[in-house]
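Look at the two complexes coming up: chain A is in both, with chain B in one and chain C in the other.
Coming up: the complex of A and B.
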């Protein structure tokens, strides 16, 4: 690469990022409501966390499930420094946040180094247990420190005032997400990413090829932890108040689930999974309560429908050209029209803008992807089967609800139960995880990265073969 | 002077003496064969040389200095690289990525340069990819450059492993049963390739192999192990006719 071209591309991409952050801060964010702003910012923090864990779990293959601990260390250490030193000097505003990001990164990075050390001896499940234990140790230590607020939580404020200070702006969070993604992506774009991948694939062979596996693993832990610490610093200065509950084991598992669903080893997969898996369940919060009959009726219907549909799929050939395939493809076509209509419908009803945009894009994207792929008929037939499942579930839910209501035993149990839709987020999330693991164990994107070439290949358009694309 | 000198190397696993008081020298530029029945300690010898095990006693001198106690990656940096008896490629990486990793040992750019994509890191990566492509061409794998190494067929996987080891530009190449699982036709190709490595790259090679046609065909000097101890060494003709080797390993003259 020659020098002028290098500077043009590098400065150009930085300029684009700065411009985007500027527009986000001054134009896009004010146009959205408070809730949407909050969802986007937390979604981007989760994307950052997922990408940082992906560096440890997906790229280097060290199964770590205590990632919320690094997030927590970043949040608490930066909050502690703010409480003691903010307003004592001349630094304030975004420069202070930048400093706090560095504090969080250093504190979490040191913790990452400490956790990285056992990874030299522990493999797989054993390492997972050790990191899980580390997460709990951090939580319990903080719980028993009065200076860190203990179980009461910590208000991020200046020493001389009781008011929480919320310095984090949306552009900082977006900037951090972009920075972390860029660092991981650049790492894999050069040969420097290969030792990390090699350690994941085969440690012994990697060391025989001259890879210092010790240093590689510890580096991955330090980097991943430092990124999470940065996110933690932004989080504490965004919320203004932090408690232990925001960093418990559930959070760790949520982040692991994001990485696994997105595809361990895929940066773009982790980023998208982090963002959307935080957003979609959150947007269920505002829905009305659901009765116990509806929930269990739906679950029963889903079980029956899937059992029937799987039997149908076993007996009929959807992959070979023929009458069955055509019939299913027709059903798929109806599903595509339905998805298109759904996109239109969501666009026209009153829901938070983020939910609207993401769901519309998903439905419209699905419809477009189904029509424009190379293997149109088989894909449509496969989708037709999904439509059949959905149709069966829909058709069976009402009779199942009636069944549950008419049987006195189930009626007695379920009559008084109703669920807040928001509380059904995690069961839904778990079901999604199970479905993804059963149908695509390698995660949505597997080890691949999202790229326009990849998209072109799916659609059968001319594309270039990638040379080195880990 | 010999490139590698193993002197009185011994390793015990509990009560089992896997390699017992073995000494041999591999001269620079030679094709050196290590043979013996199953369980004779051949692969253990390789593991001693590459630092996976540390000898209980004895010394291993490579290129003028002792390598006992060094870590595997340090020994690789000194210039010893190996292949494995049970293929150990980086399965999910493409063929070319496997080979590029082999060359990574010789990189100079730092990680900071890499994550900021500074010109030196990019240039170095391009250089490594180019060299890897050249190696893949040498081994007839150019068409498979972007195939996941797990999806390659068996013979190609074996060849790719040698290419990956060659990418580290080793002074000494250790091949652990490179012909295992190959058909006779592939074996002939492999022998030609091994000879080419020696002739074109001046590569010193230490080879473990069970296939006597391959061993006798390419090796200039042979060392025979049985039950962890040396029973013979010499030229291929001498080994072929050595009564102790025939009794322990060959069975009948080949």
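Coming up: the complex of A and C.
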């Protein structure tokens, strides 16, 4: 690309980002309610955290599971500086927060350097455990420092007033998320990023090719930690009050889960997973309480549905291995016709709408799965299986709930139980993590990134074929 | 002109002498004062307590180390198996103790057997559902799955078990009395009867494990699989059966440890009850050399003693941090552990 065009596109995109941030701050955010604002801001912070961990875990391949420690160091160090040196009225609030971002980044970056050092000797699961240990040490040390509030938590306030201050504005959080994503993306697009990928793919080969693996790994840790520290500084000045609970081991696991589910190595995946995996479970909070029958009926239905789907798939693929092309075609045709007839029959008889919809979804999934398994298009066939499973679960849930209610033993146990929907977040998260690992170990997006060509390809428009590094 | 290496040696010598002198005259009196001001009378008591605590860590660490030896997998869900064991013991005690008609010894026996059986079933289920499908996958995905299983058990059992307020096994279940011994050299030592029993049962279980691993057919199969998974499979060993038995034994040991610890100490049970003991036992396994069964026992006892030494020094706020410090030091300076021979993964 020639130089003028490069600068025009670059300045143009910066202008678009600034315009977006301006609109977000002045038009979009005031139009949303307090809760929506909060969810979106925290979602963007999680996206930042996931992208920063992705730099360490996904791009450089150093499996770290103590990321909340860097977040915590950023939050506490910036809060500490604010409490001791910030006087209201002397300096503009937003300028101070930008300074605090730098403080958080430096503090967390130093910690990242310290953690990066063991990564020179340790690999794989041992590095993971060491980073976990580091995270816990940080938490315990902060817990025992009275100046940092200990287990009571720390109120972020100015030196000259006792009240909590909340200086962070939405444009800073959005700006940081965009900045971190842009830095990671540009890093991978240029030659500076290749050593990171090389270390991930094969450390020995990379060092033989002249990559300074030590420097690469430590740089990845410092960068990732500094980004998390920036997010931490914004977080502490957003909340106005920070406690240890907000940075515990579960938080680290949550961030790891986001990176892994999104697809370790994919910036797009990490950012989207960070944002949506925070938002979706949080939106459960508004739902009414769920009865024990519903929860266990759903679990039972899911188990039965998965078993059935796996059995069908196994039979189908076994036949595929041994049979002939005509047999598949016949089976696919019969499957589609049968599914269509079943769907027609469901809609013609008097059953609850829920059953009709779910059975239709199930039939559609079965048809898609059969067609594309037969035609050996694995992605679409996989999509069909997911749809089939979802339909099966939906179809089975209500009968299972009835079953649990009618059996006196289970009725006695479950009758008094109800759960707050918000409490189901972490189990859902963990179940999702395990299921993703079992079915698609590379995560949702794998190593793929968002690109316009990718979108065009999906919609069948003319596109450039891009080679994707595996 | 002095040669370069001589100049370096000279510089090191000068700095060294200076440091030594400052150590002698500056730090030595402070250290001496510190040493003198410790409560030496409590040291032997703390070491005894540490060994008793260490027996629990050793039992849990055996589960980690056996699974690692066979599958090369860090079973992060092991701490949660331990937690479930404690809850099972609690429920057994609650259901049967209120009827008040059985002898306390029978109740204790039922609690420990119940914990061991349920934990074995749970361990085997986890292996079957979560680890077996991934056996040929990259090790990092199995690790993530293990973390996921651990998180899932911790969070979903929070919904199933009664946790508000956190229940604890009633002290009345524990029929053991505290014993005080007055010894000529060591002074008065206090042995909690429950903890002594805990130590005794742990040692018996370890001896049983040693017998099983050393002298039975399945033990030989386990050693073979641990030595070389693929070759063992080629030699006609039913690898899946060996893995299942490993999980049964490891989880049963964790269940026994959980029941004994929860009964002897009466700690309130929450679903993160297994988190710290699990991590500490893992550190113990690494310290002794992961994959090495005597190493896990040694590491467990050392961890228990180290933890209570930190308490003895007066830094009891940091007693949970010492495990992680030991972990990082071992991983950095002697990754094979004290007794281990196989090097930590290099590729």
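Worth pointing out:
Following the convention adopted for this analysis, the second predicted complex is superposed on the first by the 380 of 470 C-alpha atoms of A that agree within 3 Å, B and C clash if a C-alpha of one lies under 4 Å from a C-alpha of the other, contacts with A are read in each partner's own complex, and residues count from 1 in each chain.
Keep in mind that, in the parts below, a contact is a pair of C-beta atoms (placed from the backbone, for glycine too) under 8 Å apart; a residue touches a chain by one contact, two chains touch by 3 or more.
Since the model is a prediction, treat every value here as computed from it, not as a measurement.
Look at chain A after the overlay: chain B and chain C fit there side by side. Shared-chain residue A:22: touches no atom of chain B or chain C. In the superposition on chain A, A:121 makes contact with chain C only, not with chain B.
Once chain A of one complex is fitted onto chain A of the other, the partner contacts of A:136 are limited to chain C, with no touch recorded for chain B.
By the touch criterion stated above, A:10 is placed in contact with chain B alone, chain C being left untouched. Contacts of A:213 after superposition on the shared chain: chain B is touched, whereas chain C is not.
Contacts of A:204 after superposition on the shared chain: both chain B and chain C are touched.
This overlay, made by fitting chain A, leaves chain B and chain C with a least C-alpha separation of 12 Å. In the superposition on chain A, the residues of chain A contacting both chain B and chain C are 204. Touching chain C in their complex are the following residues of chain A: 63, 65, 118, 121-126, 128-130, 132-134, 136-137, 140-141, 143-144, 204, 249-250, 253, 256-257, 260, 295, 419, 423-424, 426-427, 429-431, 433-434, 437-438, 441.
Contacts from chain B toward chain A in the complex involve residues 50, 52, 71-73, 76-77, 81-82, 84, 88-94, 96-97, 100-105, 107, 109, 111, 114-117, 119, 121-126, 128-129, 146, 164-165, 168. Interface residues of chain A facing chain B in the complex, by the touch rule stated above, are 1, 3, 6, 10, 182-183, 186-187, 189-195, 197-198, 200-202, 204-213, 219, 265, 447, 465-468, 470.
Residue ranges on chain C touching chain A, taken from their complex, read 74, 130, 133-134, 137-141, 143-145, 147-149, 151-152, 154-156, 158-159, 275, 279, 282-283, 286, 317-318, 320-321, 323-325, 327-328, 331-332, 335, 344-347.
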